[in-house]
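Both of the next two complexes hold chain A, though its partner changes from chain B to chain C.
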Partner chain A sequence: MAKCTIDGKEVEFTPGENLIKVAKRAGVDIPVFCYHPGLTVVAQCRMCYVEVEKMPKLQTACSTNAAEGMVVKTTSEAVKKGREGTMEFLLLNHPLDCPICDKAGECDLQDNSFGSGSAYMRHSEERRTYVDVDMGDVIQKNMNRCIHCTRCIRFGDEIAGIHEMVAIKRGNNIDITTIDGKQLQTEYAGNYSDICPTGSLTLKDFRFKKRAWMLKKTDTVCEGCSKGCNMEIQHEGNAIYRCVPRENLEINKYWMCDEGRFNYHYTQDPARILNPVQKVGAAWSKITWDQGLSALKSETNAVNTLFLLGTDLTLEEMSAIRETVTRNHKNAKLLSFGTHGVETSAQDKSQDQILKMKSKTSNLMGAEKLGIEALQGKAKADVVVVFRGGRAQLPAIESKKTIGVGVFLEKEVTSFDVILPGLAFTEKDGTVINHQGKEQRLKRAVLPREKCKAIPEVLMLLLNQKTREVLA
Partner chain B sequence: MEKQLSNKFYEAMKKLEPRYPNKKALILPALHEAQKEWGWLPKEVLAEIGEYIGVHAAQIREVASFYTMYNLNPVGKNHLRICTNVACCLRGADDLMSYAERKLGIKCGETTSDGMFTLSEEECLGACTTAPAMMANDDYVENLDINSLNAYIEKVKNER
Partner chain C sequence: MSANSQTLFVQHFGKDSNRTLDYFLKNMNGYEQAKKTLTNLTPDQVIEEVKKANIRGRGGAGFPMGMKWSFIPKNSEKPKYLVCNADESEPGTCKDRQIMRYTPHVLIEGLIIGSYAIGCHHAYVYIRGEYVREAELLNAAIDEAYANGYLGKNIMGSTYTLDITVHRGAGAYICGEETGLLNSLEGKRGEPRVKPPFPAISGAFACPTAVNNVESIANVPHIMRMGGEEFAKLGKIDKSGGTRLISLSGHVSTPGVYEMQAGSMTLRQIIDEFGGGILNGKKLKAVIPGGSSSPVLTADEIDVVYDVEPLMKIGTMMGSAAIMVINEDTDMVKLLLRISKFYAHESCGQCTPCREGCHWMESILHKIIHGEAKSTDIDLLVDVAGNIGGKTLCALGDAAAMPVQSFVKKFRPEFEAYLKGQKRHG
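Here is the complex of A and B:
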């Protein structure tokens, strides 16, 4: 394999790899702004200067491919001076308003300025200023902070498939905006905020809610569709503040859609049912777990019972339910439900050729692999028990009694009789299988709220009268 | 959408097409041709050029706004562009600019109410040897001073 030397370390590389990637493997971080591994290389921020032996001038590492025997220095005097100069230019118009900027703490500009810039600045002229442009529901733009890396423009063009961000004018007067100030149309707009190396494009949903360094991070998987995008839940004090994508080159690369990004909101919806409840007339009244479980037990002893299982549950929950049903309810049927019109993984196709899949639940493939058949049309039985993780679309139900176990919002369950509250995907560990057949782990980010219980626990209590009495 | 550009434009483009390796290279000549027809480039025209070339209108807008030769706003009959870059600035371009502003009664970037003059600033006309320089429509006026600028404006005014 070809080898080159970076800061005295010999590194192997495959031809065509640029110096940033190769240096990363050698443990050398090169500061970047415009370079993003998922986008084309434009080499316009000039931050990634490195010195290459036998080359007369500094080279941008992003646009220089490693070559056999190349000797690269990233910490020489010339490089330091070059980066410091670049940093000074990039900050010419930047307002340096980090204390009130939402990006502070996770800002490339801040980090690189601290790492490679100078503490002093010679510029004392007036900075250019812009009026903010409304960019739609997802993104808030502050052009003053922008350093024109054009990552957003390239993301729109190359990944989201819509060239909606533009660079108008040039030089000092450049303005990164949408065409004629239109609102952003892409359903992947949240990524604009992720890839922006400054506080120029911030998420409206997250702005001023929490400082970045206070957030705890839990790696998990999105439950928005069967794609299974890797994501990170950022939370503090048992409340989730935002979700951001994690890199997984085999699934979602670096991106995720807005639907998945903002999906977590339902878990914190005030209308979510957090206590065992029973329908009395038209209103819900709280009951104890013991009462709820007794109701579940006595009702499901009826002759004609149908257990419905959402394909948004984890494999562990599904198999626990299947086990319980096959052992204790020999005459009952067990069927799965998920997305209207997408009953099998064969019907689950890409929705937009980017990330989104047609199946709006994360574990359709898992249910299939466990051999649980899908419900066709209406759910019809004397008693219907619905197990649901929170995202599966409820089917039309025709029954004398309907019992829900899992996550439900009040408006979704007007026809239900009893609800036993369960855990949402942010509150439990488990395994899901995505549309490619890849097994991925969900991880608990926040603790269960109020009286919610995990489905395996509910089943265990259902079978064990003694424990129930002790716990209830 | 109604066609904004004439058949003449499309004929001219047909002729130019074989000259370039791909259609995208036609953006600059297409903008020039359209500007010849319209005098400036409204967004409908930019959209039509984008459609003709096969790229998003946004890309046309990016190109058109990069070059100062393309007018994205209506301009007067005489478009005066005074260079204020280094060489011209050292030779008094700023004074010329403020003189022109007073003389025409408009600010840089504006058009006189009779539609005769538009005044704008230019970054280097490449005429540093004959600084300060000005571009009036397609002509260069070089070695300017306040007297010759005044004379030029008077001359153009009387020509109408």
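Here is the complex of A and C:
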């Protein structure tokens, strides 16, 4: 394999790899702004200077591919001076309003300034300022903070498939904005904020809610559709503040859609049912778990029971339910539900040729692999029990009694009789299988709230009356 | 003009009647070389001849033209393009304008031969937006050429087909940079591309492309007529064949576009013989030898042969061969501010040092001239220039940094006079 030397370390590389990637393998981090592994290389920010032996000028590592025998220095005096120069230029017009900027703490400009910049400022001229355009519901723009890396422009053009961000004017007056100042159209706008190396494009949904360094991070998988985008839940004090994509080159690369990004909100919706309840007249009334489970037990002993199982549940939950149903309810039927019109994985296609899939649940493939048949049309039985992770679209139900186990908002279950509250995807561990057949793990980010219980726990209590009485 | 010196272009300049096809056919062996090339020569033979001619690109970088053409991949299945850079925008340069005004057909003939050599069937002339009249004249000449079978299908009875499109720029200096030009030609924002890939591999519309200056292409028919070796001999210095058109401006008695055999004169001779000496008998102070971006020379540095390598040896460059002569009355600080203002205005804004630095240099100079600067600001200015030069995506950063560095180095007392309050803007 071809080899080159970076800071005295010999590293192997595949032809075509740039020096940033190769250096990373040698444990050498090269500071960047405009470079992003998922976007084309433009070499505009001039931060990633390195010295390459036999080349008179500093080279930008992003646009320089490793070559056999190449000797690269990333910490020489010339490199330091070059990077310090770039940092100085970038800060000439940057407001340095970090104390009131949401990006602070996770800002490339801060980090690289700390790593490569000078502590002194030689500039005393007035700073450049802009009037900002309204970019719509997702992104808040602050052009004064922009360092013109053009990542946003390239993301729109190359990933989201929409040419909406552009550079207008030129030189010192250059403005990065939307065409004709329109609001953003893409359904992937949240990524603009992720890739922005400064606080120029921030999420309206996250603004001023939490400092980045206070957030704990849990790696999990988005439940928004069958794509299974890898994502990180950022939370603190048992509350979720933000979800961001996690790199997975085989699934979502570096990106995720807004639907998935903001999907977690329902788990913190005030209308989510967090206690066992039963319908009294038109209103919900709190009951104990014992009462709820007793009701479930007695109702499901009826002759004609249909168990419905959301394809938003984990494999573990699904098989525990199936096990319980087949063992204890020999005559009952067990069917899955998830997305209207996408009952099988064969019907599950890409929705937009980017990331979104037509199946709006994460584990349709899992349900199929377990051999659980899908409900077609209306759910019709004397008693219907609905197990649901929180995202599966409820079918039309025609029954004498309907019992829900899992995550429900009040407005979704006006026709239900009993609800036993379960855990949302953010509150549990488990396995889901995406549309490609890849098994992925959900991880608990926050603890269950109020009286919510995990489905395996519910099933265990259902079978064990003694424990139920003690626990209740 | 030196005795016995040979010229290829200037004798045809100056008269409106010279631009017609009729004049071209009668007085300039019009389209004979194109015909000979298309019927008798292979593309490789043309490139070989151009290589022998030792012609350096006339746009500014001085890259050997034959070599550039030989980089175009022969086996590529993609279409190939010849793009003529007529964006002549380096301040001081006005030689290509004369070619397009008075000898447009020699450019067209050059485009035919060049296109044939690299396998191109659609050539573009990217002309600067300000050249409104020149674009009209060029288009008129192209129409004339189409009407007489010199362009279009089966040119002059051969099997070769070529179309030429004149594309007008919108007035940006940066579109003279070849990849900025190609972006603009494609309808994109006029900003340079990261290289590699070079245009020879991926240029216009991501296809192999040669970008050549107007004067370079207009020399091609002369090369084919004289033969590469004879053409090379016109140059009186190694590695530089043919003649050079010079745009002479500033404080000389007779400014204008002149032509000399490459390397046959010193800068002083050019100023004295072509320019008729300094205007009004004043003393010479400085010379900008190759367009406003080239490092300035002092009055006693001008006994240098005016060609690429001798100028490089003394730390400056020939660039587009635009000589600006500066007399003793000129305030070098103000002149530098004017130059810096130009580059700050023309920076495309995509890369950091140029976008931020050019404007900063302009601001510092402005402060110096208005008595608002600190004593350290001259050194700051030079340091900022050093952080731009050699560090930008394209050569505009260098173009902006070199004048600053050289002006301060050679005329520092003038800058200090402002700082000491001995001079004040007013």
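Methods note: the second predicted complex is superposed on the first by the 472 of 472 C-alpha atoms of A that agree within 3 Å, B and C clash if a C-alpha of one lies under 4 Å from a C-alpha of the other, contacts with A are read in each partner's own complex, and residues count from 1 in each chain.
Operating definition for what follows: contacts are C-beta pairs under 8 Å (C-beta built on N, C-alpha and C of every residue); 3 or more make two chains touch, one makes a residue touch a chain.
Given the structure is predicted, the values throughout are model-derived calculations rather than measurements.
If you put the two complexes together on chain A, you find that chain B and chain C bump into each other. Of the two partner chains, chain C is the only one touched by A:45; chain B is not. In the superposition on chain A, contact is made by A:179 with chain B only, not with chain C. Of the two partner chains placed by superposition, only chain C is touched by A:147; chain B is not. With both complexes superposed, C is the one of chain B and chain C in contact with more chain A residues.
Of the two partner chains, chain C is the only one that A:92 touches; chain B does not reach it. Applying the stated contact rule after C-alpha superposition, one finds that A:258 touches neither chain B nor chain C. Contacts of A:164 after superposition on the shared chain: chain B is touched, whereas chain C is not.
Aligning on the C-alpha atoms of chain A brings chain C into conflict with chain B at a single listed stretch, 329-337, out of 257-265, 329-337, 383-391 or 401-409. Overlaid on A, the two complexes show chain B and chain C touching the same residues of chain A, namely 166-167, 169-171.
Note for the complex: chain B touches chain A at residues 43, 55-59, 61-62, 65-66, 123.
The residues of chain A lying in touch with chain B in their complex are 163-171, 179-180. In the complex of the two chains, the chain C residues touching chain A come out as 172, 174, 189, 194, 344-360, 363, 380, 386-387, 390-393. Residues 41-47, 49, 56-58, 63, 81-82, 85-86, 88-90, 92-93, 122-123, 125, 147-148, 150, 166-167, 169-174 of chain A touch chain C in their complex.
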